[in-house]
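In what follows, chain A forms one complex with chain B and a second complex with chain C.
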Partner chain A sequence: MVETGHFALVLAFALSLVQMLVPLVGARTGNQRLMAVGGPVTVTGFALTALSFAALASAYAGSDFSVASVWENSHSLQPMIYKITGTWGNHEGSMLLWVLILTFFGALVAVFGNNLPASLKANVLAVQGMIGAAFFLFILATSNPFLRLNPAPIEGRDLNPILQDLGLAIHPPMLYLGYVGFSICFSFSVAALIEGRIDASWARWVRPWALVAWMFLTGGIAMGSYWAYYELGWGGFWFWDPVENASFMPWLAGTALLHSAIVMEKRSALKIWTLLLAILTFSLSLLGTFLVRSGVLTSVHAFATDPTRGVFILCILTLFIGGSLALFALRASRLTAGGLFHPISREGALVLNNLFLTTATATVLVGTLYPLALEALTGGKISVGAPFFDLTFGPLMLPLLAIVPFGPLLAWKRGDVIAASQRLMAAFALAIAAVLVTGLFVDGASVFAALGVGLAVWLVAGALTDLAVKSGAGSVPPVVMLRRFAGLPRSVFGTALAHLGLGLTLLGIVGTLCFGTEKILSMHPGETVELSGHTLRFEGLTPQKGPNFTEDRGRFLLLSDGNADGEITSAKRFYPVRQTVTTESGIRTLGLSQLYLSLGDENKDGSVVVRLWWKPLVTLIWGGGLVMMAGAAMSLLDRRLRVGAPAKRRKPAAALASPT
Partner chain B sequence: MTRKQKRLSVILAGLAFLGAAAGLTFYALGQKASYFYMPADLATASVPPGQRIRLGGLVEKGTIVRGQGATVAFSVTDKQKSVKVTYTGILPDLFREEQGVITEGAFGPDGVFVADSVLAKHDERYMPKEVADGLKAKGVWQESTSQ
Partner chain C sequence: MLFWVIAAILTLGASLAVLLPLTGGVKGSSPAGDHDLEVYRDQLSELDRDMARGLIQPGEAEEARAEIGRRILRLGAAAQSGATNSTSSRSARLLASVAVLAVPLLSWGLYGMLGSPDLPSQPLAERLAKNPADSSVDELVARAEAHLAANPSDGKGWDVLAPIYLRLQRFPDAVTAYRNAIRLDGDSAVRQAGLGEAIASAAGGIVSADAQNAFEAALKLDPANAKANFYLAVGLAQEGRKAEAVAAWQKMLGQLAPDSPWRNAVQQALAEAGEPAFAEAAPANGPDAQQVEAAQQMSPQDRQAMIETMVAGLDDKLKQNPRDEEGWMRLIRSYVVLGKADQARDALGRAVAVFGADSEQAKKFTAFAASLGVTATE
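Then we have the complex of A and B:
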């Protein structure tokens, strides 16, 4: 089975070479038959990669320690779910997941792209083939997951205990669906450059892919943030760690791309810019892959450091980013530029959005790469953390968030800021009320905190205002309004939901950062502690045994009026195979807020160090992310965005019959 | 304004915006980035009290003192010099004697380094890259400490 997987991977590599060459030549010479090769080859390549991945996963599930990667990252006593997720909880396996998703997206284009112009489809698949070939070669040459050990060890070395968590089942696949999903936008851009032709329908093809990728990237980042929050035991949800930034940069650029693609689709403007953004977004995804997988950064994500891998990915990075930008420089002038427009208009607002988002992306990029560049050039070691990003990223985001509600209310071509402002009066009044209530009635609220809450309420109310205005609130009777509301295009709901989610996330961040409290103390069993109106009693530590670990579990009773009202447990776990200790934090959700408890070391006198946080509204941070995802999903369901030409109906049978 | 002037003013506004953002970024890099030092580096570099830095090295053997509540004092050493550090909070799970750590914080007026975060690598096989590089540069790196 393992060898089957290995052979399948080699075959998939060979097919990716065919995929990158034959359709390209076909498109160049106008040969229909050569172009048509692209589709089946892509689908077969995906099937082979899936087979290869399945082979590796079954080696993991069956604890086949004769495979080096399984031996290094698995253990026979691990629960089955961690055996399986362990498939991508290591460098080799996660790269295989990367190409699996890459070929999956390629196959989707091959299957559902029947209404694309033949040469565009051929070129898109060829570019996908190039990316695939580079990464297949990378895996086979430097990170082969199928290498055998002889003699086979009896027992494995266990998966890194931090990764033994449900988060590993969700975070990496989602993040990769996002990262790699942008490869389709990249391929469409490069294909357009190769063809030297781009029009508004191009944006209609690219936007759904960007939406899908953006949706998963949002989910992947939110999930990663929540995972770090509960697993690391530090109580933080975002650390401005370079690895986090690596996923955040494509998200920012991808958000800009989503917005500029709307302008291109609706107004046929910003064509060249949209194309460049698509290239940049995927380039940032590649950069992220390089930062995380090459070992230049020390983090939980950098599994093993091997310099040849870093150099190899750097070459891939240079080839694709340099190649696509060079092509852009050569060909962009041939593309017809779009129309001009009035600055005060929907498209003007979207341009402003792009200006802010791309500048913010650039500051994150500088903050992430500067320490690496400095170390490479001078050997000096610095770290750029929250203080840097608070000063640079913050001032860019605040004005952007403040103008978000105006965008959807401005008309295309020529908008009326005064009319939009009048419509937003109610939302503005709500926001001011929120600022006043927070400032006057909430203890310990700073001016900054009150304004933060106001901004979040402004975003939420603004999103709802957009829906209300478009349903005709105030000008038509309620019955008509309800009917109009139900009949609004799904993309209008999508926009409103995404902006509303943004407001919720902001509210969660402001609530946690400005109104959160914490205590660090050492507690004896029986002692109580009070934090922000919640009383906890420490019941003591009890040793327990798990499948592949032992733990000291601390029990805390949540008291209300002297009676127990639930409990929180936090544990210190010891994994003997890796000789590693981890902290399992204890979290209790109360409404939208959470009590977060983390167990420290035991003192000589029998007391235990305990760190306790009260995190008001913290769940909104990730809840807002889910709402943003729902917004993206809603937009995807919009009739006008159905992949392909809107007028033409695809025969569903044709799509299903393909051999995937 | 003519169309051309309008366009020009939009472009100029955009450039001014980008310039401001770039200026802020470089200001922030100068002010808000924290430099990494090993104890022996501190003899030559003058780090004023209150300036945030990252201090890395090995936790010196026999120096861990648990004080009142959750405060811990220990020394960070690079086998040439050592620096006293205090930290209030929960130490990372892999914090122990002779383990490579990176602490972040600032010197107090009494010359004791007050850390607000302590990082130890979450894997028993490796030490923080900065610390390993620093020890290698000082010639006190032993392959055995890394494995």
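Then we have the complex of A and C:
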């Protein structure tokens, strides 16, 4: 079975070479037969990659230590779920997952792309084939998961204990679905550049793909953030760590792409810009893969470092980014630009959104790469942390967030800011009220905190206003309004949900950062501690034994009025195989807020260091992410074609007030 | 064999995926412009539906329809220029055949370089279930571990496994196994000494206080336990009490059976400590061939120094282990040879004192000394 998987992988590589060359030549020479090869080859390549991945996963599940990668990253005593997720909890396996998703998306284009012009489809599949071939070669040459050991060791070296968590089952696959999903947008862009023209169906295809990728990337980042929050035991949800930035940059660029793709689909405008953004977004995904996989950064994601891998990925990176941008420089002038629009219009708002988002992406890019470049050139180590990003990224985001509610309320082609502002009066009043309430009635609220809450409320209320206005609130009777509300296109709900989710996330961040409290103390069993109105009693440490670890579990009783009202446990785990200690934090969710507790070291006198955090509204940070995902899913379910009706040149004021 | 069949089937499938589209009939495919037209038509009908649902106003719909109409007109102008050729040229046929051939050639060639086709899968459960006679040591150990995980109070099992762990250099596991064996099956010198060795080996050979306790416990049960004696001496040497360590080793050499496996280890330890393994009680008398050869290659001063150290070593040894007839005689002769008459006389006195003035040995010593020109009293 293992060798079958290995053989299937090699075969998939051979097919990816065919996929890369034959349809491309076919499209160049207009040869139908050669172009037709693309589809079946792509699907077969996916089937073989899936077989290969299944073989590896079954080797992990069955603890087959004759496979070197299994021996290095698994242990026979691990629970089955971690044996299976361990398949991608290491460099080799995660790269295999990467190409599995790549070929899967390629196969989707091949199967559902019948309504695409033949040459466009052939070119898209060829570009997908190129990416696939490069990564298959990378896997086979530098990170082959199927290398064998003979004689086979009897026991493995265990999976990194930090990764022995349910998070590993969700975070990497989602993140990869996001990263790799953008490869389809990239392939479509490069195909359009190769063809020298942008078909009308191009836009119809790019937007849903950008949406799918964006949805998964959002989920992947949110999950990764929550995982880091509860597993690392520091209580932080975002560290501006280069690895996080590596996933955040494609997200920012992808968000820009999503918005410009809407303009393109509905209005045939911003074509060239969308194409460039698609290239940039996937380039940033590749950059992220390079940063994480090359070992340039030391982190839990780096697994093993090997210089040859770094050089190899750098070559792939140069080839694809350099190649696609060069192609863009050569061909972009031949593409016909799309329609025109007035600066103040839905299109204009989306352009503004794009400007902010790309600038923000550039900021993060600089903050991530500058320390690396400096270290490579001078050997000096500097750390660019939260202060840098607070000073650069923050000021860029604030105005963008402030204008988000205006966008959906502006008409296509020509908009009216004053009319939009009038409709947003209620939302604005709510936001001001939120600022005042926070500033006056919440203890310890700074001006910044009050404004932050106000901004979050503004986003949420703005999103709801959009829905209300589109259903005709204020101008039609309630019955009609309800009927209209139910009949609104799903994409309108999608927009509103995504913007609402953004507001919720912001609210969570502001709440946690500005109103959170923490305590560090050493406690003897029986002692109680109070934090932000919650009383906890330390019951003591009990040693326990897990399948492949031993732990000291600390029990804490949550007291209300002297009675026990639930229990929080936190543990220090010791994994003997890797000689690693991990902290299992204890979390109790109370409403939208959380009480977070993590055990420190034991003192000589029998007391234990305990760190306690009260994190108000913290769940909204990730809950907002889920709402954003729901918005994207909603928008995806909208099967309608998108036609943006332009506003007329001279409209009477009365007509403007009516819903669009 | 099965693997090759699967590989062949997979290869066939992959090659067909390339071959079939190349040989299949060409579907009447439309130029790209038709697809665009289709999109625009779809857009127009979508516009009508939106209007029917009241999503857009009639005026706006009119505007949008006009815009789509302009796009369709532009399309008509562009469509004149592009035409595709669907005839298959010679180079296309060449490429097609190369592609079809490349799949099997490349995959089999590459797999031949990378793969290990003869190595079967070895899931752990299967390995542990097969006939013990075919199992490797590792597998047998794993099986014993599984057994002990299920029956952790099987003292005998721990006792068997512990020395195997030691030999496999799994020292921490050996420590656990010995501790369990002692806890369940009771103390014995062998187990305590094994425990000490495991603790010391786990610490990279350092005889810690824990290890020392174990060795001492072993000696309490069996004072002649070679392992415990040896390691305790190692411990002494590590503490810098080299002389005591050497003495202990030399004493061991005196007591060990001639075929004891520890003899080598002790000799090596002595050599490392810079002390010759001098006091070999059994057959060999005096320095061994190697030492003699070494002595012959030395300068006279060095040789003298070496002989003196050897004699001093012997003297020390006899102080600790005085009931060694031959040893005393050798010592007396050595001092005479070295020209140290006083010390020879002293040695004779001590030897006589050890065995008692009236004993057989005393008479023998006196006679022996007299033959060398040494008398007990001046």
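Observations
The rule is short, and it goes like this: the second predicted complex is superposed on the first by the 637 of 660 C-alpha atoms of A that agree within 3 Å, B and C clash if a C-alpha of one lies under 4 Å from a C-alpha of the other, contacts with A are read in each partner's own complex, and residues count from 1 in each chain.
Everything below uses one rule, namely that contacts are C-beta pairs under 8 Å (C-beta built on N, C-alpha and C of every residue); 3 or more make two chains touch, one makes a residue touch a chain.
All of these numbers come straight from a predicted model, not from anything done at the bench.
Considered on the superposed chain A, chain B and chain C are sterically compatible, since they fit side by side.
Of the two partner chains placed by superposition, only chain C is touched by A:Gly62; chain B is not.
When the two complexes are overlaid on their common chain A, residue A:Val22 makes contact with chain C while staying clear of chain B.
In the overlay built on the shared chain, the residue A:Thr378 is in contact with neither chain B nor chain C.
By the touch criterion stated above, A:Ser268 is placed in contact with chain C alone, chain B being left untouched. In the overlay built on the shared chain, the residue A:Leu120 is in contact with chain C alone; chain B does not reach it.
Once the two complexes are laid over each other on the shared chain, residue contacts for A:Ser333 go to neither chain B nor chain C. By the touch criterion defined above, A:Ile520 reaches chain B but does not reach chain C. Of the two partner chains, chain B is the only one that A:Lys572 touches; chain C does not reach it. Of all C-alpha pairs linking chain B and chain C after the chain A fit, the shortest spans 13 Å.
Under the contact criterion defined above, no residue of chain A touches both chain B in one complex and chain C in the other.
Interface of chain A with chain C (complex): residues 1-4, 6-8, 10-11, 13-15, 17-18, 21-22, 25-26, 29-34, 36-37, 39-41, 43-44, 48, 51, 59, 62-66, 76, 115-120, 140, 144, 146, 148, 150-155, 197, 199-201, 204, 268, 339, 484, 487-489, 640-641, 643-648, 655, 658, 660. Contacts from chain B toward chain A in the complex involve residues 6-7, 10, 14, 17-18, 21, 24-25, 27-29, 31-36, 52, 54, 66, 69-70, 88-91, 93-94, 104, 121-124, 126, 128-130, 133. On the chain A side of its complex with chain B, the touching residues are 160, 162, 233, 298, 300, 340, 343, 355, 359, 362-363, 366-367, 370-371, 380-385, 387-388, 390-392, 395-396, 520-522, 572, 578-583, 598-601, 603-604, 609, 611.
Interface residues of chain C, counted against chain A in their complex, comprise 3, 6-7, 10-11, 13-14, 17-18, 20-22, 24, 26-27, 29-32, 35-36, 38-40, 42-43, 46-47, 49-50, 53-57, 59-61, 63-64, 67-68, 71, 84-86, 88-89, 91-92, 95-96, 99, 102-103, 106-107, 110-111, 114-117, 119, 121-127, 136, 138-139, 141-142.
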